[in-house]
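Below you'll find the structures, each written out as structure tokens.
Two complexes come next, and they have one chain in common, subunit A, joined by subunit B in the first and subunit C in the second.
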Partner chain A sequence: MNKLLHKRRDFIERSLLSALAFLKDATLSEECANRKGFLQSQDPRFKTISFLAFLVTAVSLKSAVSIGTLYGLCLLLAVFSRIPLKHFLTRTLLFIPLFSLCIVLPALFSIVTPGEPVWTFHVLGINGIITRPGVDGAILFVVRIATSVSLVVLLSLTTRHSELLKVLRIFGVPQLFVLTLSMCYRYLYLFATMVENIFTAVKSRVGVVSHHRHGQKVVAWNIANTWNRTTHISEEVYLAMLSRGYTGEPRHLSAFHATPKEWFWLLCAVIICAGLLYKGDTL
Partner chain B sequence: MSDLIYEVKDVHFSWPGKFPALCGVDMTIRSGEKIAVIGANGTGKSTLLHLLDGLIFPHHGHVTAFGERLLEHSLFDEQAAHRFRRRVGLVFQNADIQLFCPSVREDIAFGPLQFGVTEEEVNRRIREVAQVLDIHHLLDRVPHQLSIGEKKRVAIASVLAIDPDVYLFDEPTAGLDPLTVRHIIDFMVNANRQGKTIITATHDLHIIGEIADTVYVFGRNKRIVRGGSAESVLNDRALLESNNLIHIHRHHHDGKEHVHQHLPLEQHD
Partner chain C sequence: MHIPDGYLSPATCGVFGAVMIPIWMAASKRVKKTLKVRQAPFLAIGAAFSFVIMMFNVPIPGGSTGHAVGGVLVALLLGPWAACIALTVALVIQALLFGDGGITAIGANCFNIAVVLPFTGYYVYRLISSNSPAGSRRRVIAAGAGAYVGICLAALCTGIEFGLQPLLYHTANGQPLYSPYGLNVAVPAMVLGHLLVIGWVEVLVTALAVKYLQKQDAVFFDGGRS
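Up next is the complex of A and B:
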């Protein structure tokens, strides 16, 4: 009983700290991107374009087998990029396809998708009929979601976030917007650490257990305090930018350099996509 | 005088909604000087450096830099702003503020690129400053992953890449390990030998002897209470004590308690 009360009282704090830990791990960790693997060695621009092509192909194909082939390629790329498969599959398959399965569940039944019955059952006086087109549609939907999510996760795991943001420039996103985004990303870690430190400081003064009402107050103070500090830091960062010559139009290094290897990879990606789009729906 | 870099005349400044930060400051700084501004916390040292860097402007009095009055509207002009900022570089106290780019390399490149330096030259400067400050292994790292000492060295590198005539250091050694402090002091001394003007705000008296020839002491009244040679200021115990710059230090020698004033190392017997 005491344990239950304790858990309830610290619910907000635990939720916030878990969210921050997840944020640091999922968003800010670049461990995989720093490994020496196949995709990590590719120019981020070419990598992004090729993955975009894979994504469009996955969305356009109407055959689950063809999309599955693309998924197989994605797993193969993950292996060659030294991404631990268990980590990759946990991040991609555990939640998102499960949620998509929940969404697609009604489409299995004859009420939504009429067609040849595969399985009929009787529950609480209601006849349920699962149809062949319903099953096929659900499989296609889930495989498509799983493949698309896996491709996006693989791209983000194998590319440093700062480089990924810079790739936005090739899609015509203004430099100022990219700079703002990259700075947001840069300071996320600082603020996440700041919030963690505030909670540790509060805990050191009031003890581990605090009443949930007090916990709510602490969170409110925390939000106000973080907001004030954020405003202060943003002003200071602006001064630091001014000090180094910023006058409103930021200039950055164009750090990407394409080699024949990148062009070859892009060619391969285009051939795979074209092949799947041309013959894929017949599989 | 042609070698006059800064002339600060009766400068008053208050941060919005706060108490006054500077109340009538006068000083002159010449090319190639090593100046230290010392004082307890909250005496206006950082505010003075911000004023000298043209980031804030006095409410009363004026600052003249390189023979021209430093005015807010004159720095609105991109060319005038670049002309001034190429010559003055500020190393902020909090390196997290100064390192706002996603990677160390881009942070070092930021300044020169804003001034229109070619990418080829910027890359050359990156290699050069990385060698001077021994940070080539950090170039592709993300700033938030660095230690405090590494961040400080990268912050200095980001200013060094601009190659300014005047370096403004705000508490350059605060919270750093002894070896990093040594590297930073060596850098400051070498820069001064090469003709750069060094202005440092600090309350670390141990480093003053090396980084300053002239010392200004800021008092609680937000004014300069004393200015003079480093030696004369550091030997004035009454002045340092009355301005919270030395304190009684209690420790053990050979099992016996030993009490003395905490002074710069060269004066500690």
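Up next is the complex of A and C:
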């Protein structure tokens, strides 16, 4: 029993893990984005447009087979882009799709989704009827979510995050908003490290917080303290920007360059999406 | 509460995207007026703060932990319009860079988490705290009440968005095309969890953080910033 209690992670360890998971994910993404692979060599603008087209297609299609085709394409692209498949599948299938599968299970039954029965069983005096629309709906739901998550994660893993945020400019997002996003992303590293340091310090000084009320106070105090540090950093950043000549009108330095290869990739993506949208629902 | 891609139909996503555009424009205009050239660093760091609140795990009775969204706390610290932008920035980064929350559902997520949550929470706080002194206990209670109402209303909106899907989008034989549960299941499922557990985590984090900030700088809580 004692051993079990020790094995259970407390809020300090969980908070430490959250901060470390963020740093690990961000570092791995950057490492994958710097590899020499198929998607990494594409211009971020064309890649983002093509992936958004795939995503909208996946969300619009009503056939699990067609969406599965997109998922197959996604896996193929991950392999050609030298993304570690085990990490990719763990990250894309273990969380949101698995959670969605649990959510959708009751919808298999006639009580939620009436229709043609495919399997009837009798447990503890209760008649369970699984229906055809229930099964088809659940498969469609989970396949669509797994495909959507995989597409977004693949885009994020094969594009440097700073470039991915800059791409938002082509969708008419104001420069100031893009600048805010880029600055925020940079400060996330600093803040995640701050959270890690806070909880490492709490752990080394307190060890185990025995009562949840005490733990809640520790967390709230640290959130308030983080806010105080935030306002100081904000002031320092603002002064540093002013000293470098910032006037409130941001400008970006690097431009993207497109080659015929990128146009060809975009054309292929459009053809795939159009084909699936035109014939996909009959599959 | 983050809605992933595939839970909502493209039409629903489009509607919420269209609803959010004027809200973002109004928020930018308001924030530009109050913060001027200071806005980019202030909002960026405010957004990073909203992102990082979710990394803080809060112990709850029974030995488990949960994390707060912190939307109302951010609204009390930055003001509701600046909070709307800061939370939007945090949601975009989560969706685009970490695959947490959908890209197609970004409009719906921003409506629930960056509009309903901070605005209702902020105005409930203003209503209850009214003219009480900056360092008063009433402001701590008001912040907790704001956080509770804000998160539960945001959950209600999410439940309604889920619940409308099978009514609006299904095949001829009744197979749901998106989120499979109707309003009678989706709304209670979303709201009850928030009323009973998640809402209280939000209350604790918001009220205790406000209490500590009051001790350090009571003047800060004499009203919103924007």
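Rule of thumb we're sticking to: the second predicted complex is superposed on the first by the 227 of 283 C-alpha atoms of A that agree within 3 Å, B and C clash if a C-alpha of one lies under 4 Å from a C-alpha of the other, contacts with A are read in each partner's own complex, and residues count from 1 in each chain.
By definition in this document, a residue touches a chain if its C-beta (ideal position, glycine included) is under 8 Å from a C-beta of that chain, and two chains touch if they have at least 3 such contacts.
All of these numbers come straight from a predicted model, not from anything done at the bench.
By the touch criterion defined above, A:Thr92 reaches subunit C but does not reach subunit B. When the two structures are aligned on the shared chain, A:Glu30 is found in touch with subunit B, with no touch to subunit C. For subunit A, the partner touching the most residues, choosing from subunit B and subunit C, is C. Using the contact criterion defined above for the overlaid structures, shared-chain residue A:Trp263 touches neither subunit B nor subunit C, since it reaches no partner.
In the superposition on chain A, A:Tyr185 makes contact with both subunit B and subunit C. By the touch criterion defined above, A:Leu165 reaches both subunit B and subunit C. By the touch criterion stated above, A:Val195 is placed in contact with subunit C alone, subunit B being left untouched. Touch criterion met: A:Ser243 reaches subunit B, while subunit C stays clear of it.
In the superposition on chain A, no contact is made by A:Trp119 with either subunit B or subunit C. Once the two complexes are overlaid on chain A, the subunit A residues touched by subunit B in the first and by subunit C in the second are 161, 165, 182-183, 185, 187, 190, 233, 237, 241-242, 246-247, 250.
Only residues 8-11, 14-15, 18-19, 22, 25-26, 29, 52, 55-56, 58-60, 62, 91-92, 96, 100, 104, 107, 112-116, 132-134, 136-138, 140-141, 144-145, 147-149, 152-153, 156, 161, 164-165, 174, 176-177, 179-185, 187-188, 190-192, 194-195, 209, 212, 215-217, 219-228, 230, 233-234, 237-238, 241-242, 246-248, 250 of subunit A touch subunit C when the two sit together in their complex. The touching residues of subunit B, counted against subunit A in their complex, run 50, 53, 55, 78, 81-82, 85-86, 89-90, 92, 94, 96-98, 100-103, 105-106, 109-111, 113-116, 119, 122-123, 142-144, 158-159, 162.
Contact residues of subunit A toward subunit B in the complex are 28, 30, 160-162, 165, 182-183, 185-187, 189-190, 233, 236-237, 239-247, 250-255.
Contacts from subunit C toward subunit A in the complex involve residues 4-7, 9-10, 13, 28, 36-49, 51-61, 63, 65, 67, 70, 73, 77, 85, 89-90, 92-93, 95-99, 102-104, 171, 173-181, 185, 204-205, 207-213, 216.
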